[in-house]
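You will see chain A twice below: alongside chain B first, and alongside chain C after that.
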Partner chain A sequence: MSTTKATLKSFIEESFLEGTARTTVEDDLSFLEVGLLDSTGVLELVDFLEQQFEISVEDEELIPENLDSINQICTYLESKGVSTG
Partner chain B sequence: MAPERETMGLDLEAEADRICAFIEDQVLVRFKRKGVVVGLSGGIDSALLASVCVRALGRDRVIAILLPEKESSPDSELFAREHAEKLGVQVETVDITPIVAAFGVYEARNRVVRQLCPDFEPGTDTMKIVLPADLLEQDGLNFFTLVVGKPDGRQIRQRLRPRQLNEIVAAQNIKQRTRMVQLYYEAEKRHYIVGGTTNRTEMEQGFFVKYGDGGVDIEPLSHLYKSQIFALARHLGVVRSILERNPSPDTYPGGSTDEEFFFRMPFSEVDVLLDAWKRGRSVDDVCRDLGYTPSQVERVYRDFQSKWNASWHMRIMPPGLSAEAQPAAPTDEPTRTKPT
Partner chain C sequence: MRSRRGETPFLLGPGIFAVVHRPEGEAALPGWLLCSPFGGERTNSQRLFVSWARYLAAAGHWVMRFDYRGTGDSLGDFEAFTLRDYLEDIGTAAGELERLSGRPIEGLLGLRLGADLAAMFASASDRPLTLVMWEPVIDGGRYADSLLRTAMANELVNLPGPHRTRADLRRQLAEGGLVSADGFPLTAASFDSVAGIDLPRLGRPTAGPVLILQFNSRRNQPPKPATAKLAELYGKTGDTTLECVREPNVWMKTKLYRWHLDSAFEITRSWIGRHGAAGSPGQTAQPDATAEPATAAAGEHAVQFEVEGERVWGILHEPVGPGVDGIDIVMASAGEACRAAFFYPRLARALARRGWRVLRFDPRGIGDSEGTLECAYLSEVFHKIESGALRQDLSAAMDFLDGRGGPRQHAIVGLCGGAITALFAAQGDGRVRGLGLLDFSLQLTPEPNPDKQPAISLETPWHEELAQHRSTLPLLKVRKLYHAIRSRGLETVHTVLRTIRFRSAASLGSRRWYRERIGDDVNLPLIAALEDAISEKVPMCFVFAGNNHDRLLRSILPGVSAGRPHAESLIDVKVLEDADHNFIMPGCAERLTDEVVAWFEHRFRLQRPGEAEGPPARADVR
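Take a look at the complex of A and B:
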């Protein structure tokens, strides 16, 4: 697993799994389908991405296609010039 | 809106009678109190509550309390007075600005606003927080944006960080909680109860403030969707100025509507879809019967579920442990005996 993906996975697991029956997040798990992200969670995730990967997330980029799973976030990060390989 | 879509199948006259019987029973028989205080905000829900309370108990047992603060729309007090006058109920007005200010609400909130908009001028500029518009047309995630309005018409929009959002909401909620405290004071000194104005659309999705506007004795309207509230209000003669007003929490000095602040689509759409979701109707059925696309219904259902999940604790008493399931003390422990 790439460092980027591992960092991301670790953040998601530490921030959003507490109190759920899950102990891990599969790469293609939809956060919205299982209810992992509410409106505050979205802001926390974006905050993390901007600070950790030194990118700027635009409002129009805040769509499920970019942020709804670890794989989708990795694809999005690549589009912003972050290496995930 | 078409009348049948607004009533959603409700027999308005029969429903008015049912609500009135409920209010009469609760106030006089269950609570054994003399009347109801209604926090009349100038909005549709409290106007309807006042109307049904007067119909149930008579105007002498209903007091309208107006609780403006410096950031309320001036229309709110105007429209509330107009409706109270039409009903012939006694009106008491308490400006809650000094109480809200004493809690540091304006300072705390404006401090956060200035982090994002350093030249924000309270009193001159407006501010509100909004969600992305048009949930039916755009697949956007729920995130809050601060919108500052300048006197020259310019708008500054900045996405809020989690801490900033929480600080603004926590400060703003003090306004509704101050109103709750004031309403209980006005009710208890008269041996009255506090009437609630939360409707079903708000109740199901958590669009009220816990121990704020949610802190009441009875909720006579919590089984009616917002569209039905409008239909019943029209049926019972709520004044036109309130019927034609766009629903708003009226707590931000930028006049955000319920749609901008929470629901992301008009109530006419929210209510039919929320009802379908509550009844467990499939996406295919809803698309066939109501003319939406599968992606629209899936998106809206997901939003409903997310808000329902986030607000579960607002619809119950505070969780506690059961006394019946209390573990018994070990039998070999010394037991206290009565002195002889």
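Take a look at the complex of A and C:
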């Protein structure tokens, strides 16, 4: 597993699994579909991405296609020039 | 009305809900006015302010906290006010605190946007006020943008795409529309008033000392650059302290049940002790011991009652116009949220306008109420609620209402955890005549820590679990029969007969049957409470938010209805499409309010005074 993916996984698991039946997050799990993220969680995730990877998440990038799973976030980060290898 | 702690809640002037905390001990130090954050941050930090106010009063200070008009328990609609109005409210509250304490206030403490408002008020004051700014908003423009981003995140999570952009939302505001951020409707005027804040441009707000406190969730995190720059700017012209504390950002939704922030409280209190103006010349006036708050006339007022020796707080809404005779409505708080969260004030006022007396209140450990739930995480709080831990609080609320006008009957309305508590409270309490159960779940919240014992045991008895395996069945039947008769005698015959029934498939309404439909995390005691409510012929209105919860309820209706032929006539299930769990999306609170009020009107319309027929008996309801 890449460092980026491991970092993301660790953040998601630490921040959003509390109070759910899950103990881990699969790479392609849809956060919104299983109710892992509420609107505060989305903002928390965006804040984490901006700080951790030193990127700016633009409004038009605030869409499920970019943020709804670990795999999608990795693809999105690559599009922002972050190496996820 | 004054509580044991010397806390007096009241409605001030134009409908500002305020609570004055009288100082404990002999010192009677000067007063501090607490300025709340904005919108959802105010809701999230409500108990933090309660906790801090009690802490400061225990240290000998007069303290007042209040809600800006249109927020919390204050009167008015959120969208009708701007920060200019909030500043007026600060002035009104400060004046009242000075009148009650008999001396000028010492300072203001504000959190987030409340810190900015405190600074703006201090800046316009002709006195050198002491100022404590907890995590101030440095740039109002960025903060206003974050409100729009919150609105976008709300849409992203709750609505199918395409979602609106920030430009779309700005356009909507410019065209006179409302934009809802976490359920708080912004207007162009309120948005602009927030966006216009620029703390560095305001300059040092007071000649008095200033403490800026930054909350960091991680250890040894340096101050944010903008905060450090503000402190540096202030420091050029006066006494300024910048401190960082490792505390959670409780004004955001966190997963913690923690409101006493040790290091923030201790650092602030000792700073006030060193920098405050206590005992300084010009502040020697004595408080008027008989002074009581200037309470405004209104149809709603703060009340207190006891639950097992602890004081709980609520707001009682008196009916407007002719009352509905015989039934009061109690609103049970949702989870850890206080009585003023979400749509609660709106719904209470709508019901009061239709003639009902309504009490919305904070159970122990929530909102203003005393006590603690003895939890570290919110998931533990939810687990306690799901086990019925707050049913006693609802029972006490009904006792309180009974005590104000003779024994009455009650309906209970609650969202999520409030709905769960309502069902438990109805169990075996013949006073409960109706239930409005809003988006609740039949599933248990998982335990936060696997090492901890569950709040209640929902384990299936060993004999039932094993009885599901045919090979062990004969032996277990005999063994259970022996133990049952030995321990409980003939009274258990019914139970025994059920046990020895051959069960190749789960029988309708059995634990196993419910598990097959809901899952292993099914809340069986809650289902038992639902069965009891049906047996007792309590009409129920379930309103769901277009999620999976309504499907789960419908899946078990045959089970809870078995042997109860009247069940269908008692249960109404409604689904609000495109609604979210807390009904904060635009228009959801209004639609929900209409549904609930209409249901009450329909179910209990015969009980309006002047109509020919009297109140229906439980069995008579439709």
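Basically, the second predicted complex is superposed on the first by the 85 of 85 C-alpha atoms of A that agree within 3 Å, B and C clash if a C-alpha of one lies under 4 Å from a C-alpha of the other, contacts with A are read in each partner's own complex, and residues count from 1 in each chain.
Rule of thumb we're sticking to: a residue touches a chain if its C-beta (ideal position, glycine included) is under 8 Å from a C-beta of that chain, and two chains touch if they have at least 3 such contacts.
Here the structure is a predicted model, which is why all the values come from computation and not from measurement.
With both structures placed on the common chain, the touch criterion links A:E54 to neither chain B nor chain C.
In the superposition on chain A, A:A21 contacts chain C only, with no contact to chain B.
Within the superposed three-chain model, A:E78 lies out of touch with both chain B and chain C [touch as defined at top].
According to the touch criterion, the shared surface of chain A, contacted by chain B in one complex and chain C in the other, consists of residues 32, 37-40, 42-44, 46, 59, 62-64, 67.
Looking at the complex, you find that chain A touches chain C at residues 18-21, 32, 37-40, 42-44, 46, 59-60, 62-64, 67. Taken together, the chain A residues at the contact with chain B in this complex read 32-33, 35, 37-40, 42-44, 46-47, 59, 62-65, 67. Put simply, chain C touches chain A in their complex at residues 146, 149-150, 152-154, 156-158, 161, 163, 165-167, 182, 252-253, 255, 377-379, 382, 445-446, 448, 521. Of all residues in chain B, those touching chain A in their complex are 131-132, 138-145, 159-162, 165-166, 302, 305-306, 309-310.
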